[in-house]
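Note that the chains take the letters A, B, C and D in the order they are written out, and that residue 1 is the start of every chain.
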Amino acid sequence: MFSNRKEISVEWGDCDPAGIVYYPRFFEYFDSCTNALFEKAGFRKPELLKKYGLLGIPMIDTRAQFYAPASFGETVVVESRITDWGRTSFQVEHKLYKGERLAAEGTEKRVWTVRDTTAENGIRSEPIPQEVKDKFEK
Amino acid sequence: MFSNRKEISVEWGDCDPAGIVYYPRFFEYFDSCTNALFEKAGFRKPELLKKYGLLGIPMIDTRAQFYAPASFGETVVVESRITDWGRTSFQVEHKLYKGERLAAEGTEKRVWTVRDTTAENGIRSEPIPQEVKDKFEK
Amino acid sequence: MFSNRKEISVEWGDCDPAGIVYYPRFFEYFDSCTNALFEKAGFRKPELLKKYGLLGIPMIDTRAQFYAPASFGETVVVESRITDWGRTSFQVEHKLYKGERLAAEGTEKRVWTVRDTTAENGIRSEPIPQEVKDKFEK
Amino acid sequence: MFSNRKEISVEWGDCDPAGIVYYPRFFEYFDSCTNALFEKAGFRKPELLKKYGLLGIPMIDTRAQFYAPASFGETVVVESRITDWGRTSFQVEHKLYKGERLAAEGTEKRVWTVRDTTAENGIRSEPIPQEVKDKFEK
């Protein structure tokens, strides 16, 4: 199955007074990993947005579980893959490892989103092009 | 039931190129709201940590759902309360409103955590003092 | 002279493993204070951008000096004012106090910036409208 | 002269509604580059702190100038070096390039800092060990 592995160096500025990663930063890590997953499939984010007229792929539901803390100076590896394609949304799964140990997991549900000035929030979902989905099947 | 309401101004720097709050910032909002909830119960975080010898109250499981975007210049209100007390962990619920509209929800499971140099990660959980729980029953 | 005072609560997530504000966060504080200064003058950022077709007021030169650390749970007050108006740029000064004590200072030079697809970076400066400057003279 | 080059991928979450790097993030970049410079000299930050009983190397004065914007999807390179060693402080210079173009510059003055519960802020400076300085002369 198509997936991506991304190494992330935990920075001093990612950590809180307890000396461990401030948990919202893990969501920043996961977001960059989703972008890296798309890039591996051939869609760098700037071009993805331009080609499909996307505003972005905003999050509508995300959960993370933390099993072991990480601290500055450590390098973690995140394995990411798309676990489900819907018509206008998709799900991503991230597994974050410290060495062999699974230290955190994240799941995401995101929506293929375009601007629409007539919509309630100025944005609306749109069907995900089949050619995008196909690139993740390789 | 004991709860807290906190107003948050969405800052320019909280928003991404789509012009809406970058979703990891919502977790920063929620984290500050949990701290504000404890403060309302009489436990400012610096004194909480000092009094109970805590390293912190790290997150082990959190989920957020986003129903409507928020943008810079908007003010949102977050209602927070503790929904469950376990022996060493507790759950928090946040509801984020734009005006009357529920725009996002978050749930958290956190652990009462102390340093322990003999433990695997240098930290371990500890029973939450009854006097802490009692303050949230008022 | 026209100025603004803004109270900022130092959050747990603003602090680093040394337990003090991670210094890039001070720049986030200062940025929100510049926006608050404009808001006090009658220009909330969303309307400012819309009214004048601005991309933003990006920074071209900023310096900060830190005299005393701040930590989570503390409240600081930032006094901000515009110290100079140029044709297309302006300077802002921030003084951050912990109680009576000056704990940090920041200066900014920002540019009145619009999109221009023919320009090298896709953006260019534009003269600051006199009506904007006038609002800060009151 | 001893220096380090570090590649940084500009992330979506580093950028603001103008679509360009939110300038406080450049200070996060520079901070990670200072840590990378020390690491290249043989001092990974966790070990540096432990070996010398340091609280950290907090910033007391920093300035950055921005010549060209950077946006998500771009990779920048930062060249960093120490330009001056004082008794208890030192200066760092960063040059951030987009391709051949100098897009930003930063300077830092940091202090070798230890905890001291008898000091006014609970911290004080200490002379920088000669062996540390020596490693940057190689």
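Here is the rule we go by: a contact is a pair of C-beta atoms (placed from the backbone, for glycine too) under 8 Å apart; a residue touches a chain by one contact, two chains touch by 3 or more.
What you are looking at is a predicted structure, and each value in this text was computed from that prediction instead of being measured.
Asker: Which chains contact both chain C and chain D?
Answerer: Of all the chains present, those in contact with both chain C and chain D are A, B.
Asker: Look at all chain centres (mean of CA atoms) and spot the one farthest from the centre of chain D.
Answerer: B
Asker: Over half shared numbers or under half: where do the identical copies chain A and chain B land at their interface, same or different?
Answerer: Over half of the interface numbering overlaps between copies: same.
Asker: Can you work out the whole-Å distance between the CA centroids of chain B and chain C?
Answerer: Here chain B and chain C have centroids separated by 28 Å.
Asker: State, to the nearest whole Å, the distance from the C-alpha centre of chain A to the C-alpha centre of chain B.
Answerer: Result: the chain centres lie 23 Å from each other.
Asker: Between chain A and chain C, what is the gap in Å from one C-alpha centre to the other?
Answerer: The computed centroid separation for chain A versus chain C comes out at 31 Å.
Asker: Specify, in ascending order, the residues of chain D that touch 2 or more different other chains.
Answerer: 12-13, 16-18, 22, 24, 28, 31, 56, 71-72
Asker: With chains as vertices joined when they touch, what's the shape: line, ring, star, complete or other?
Answerer: Drawn as a graph, the chains make a fully connected set, so complete.
Asker: Residues of chain C touching chain D in their complex?
Answerer: Chain C reaches chain D through residues 16-18, 20, 22-25, 27-28, 31, 55-56, 58-69, 113, 120-121, 123.
Asker: Mind pulling up the chain D residues that touch chain A in the complex?
Answerer: Interface residues on the chain D side: 9, 11-13, 28, 31-32, 35, 44-47, 56, 71-73.
Asker: Contact residues on chain D for chain B in the complex?
Answerer: Going through chain D, the ones touching chain B are 12-13, 15-19, 22, 24, 71-72.
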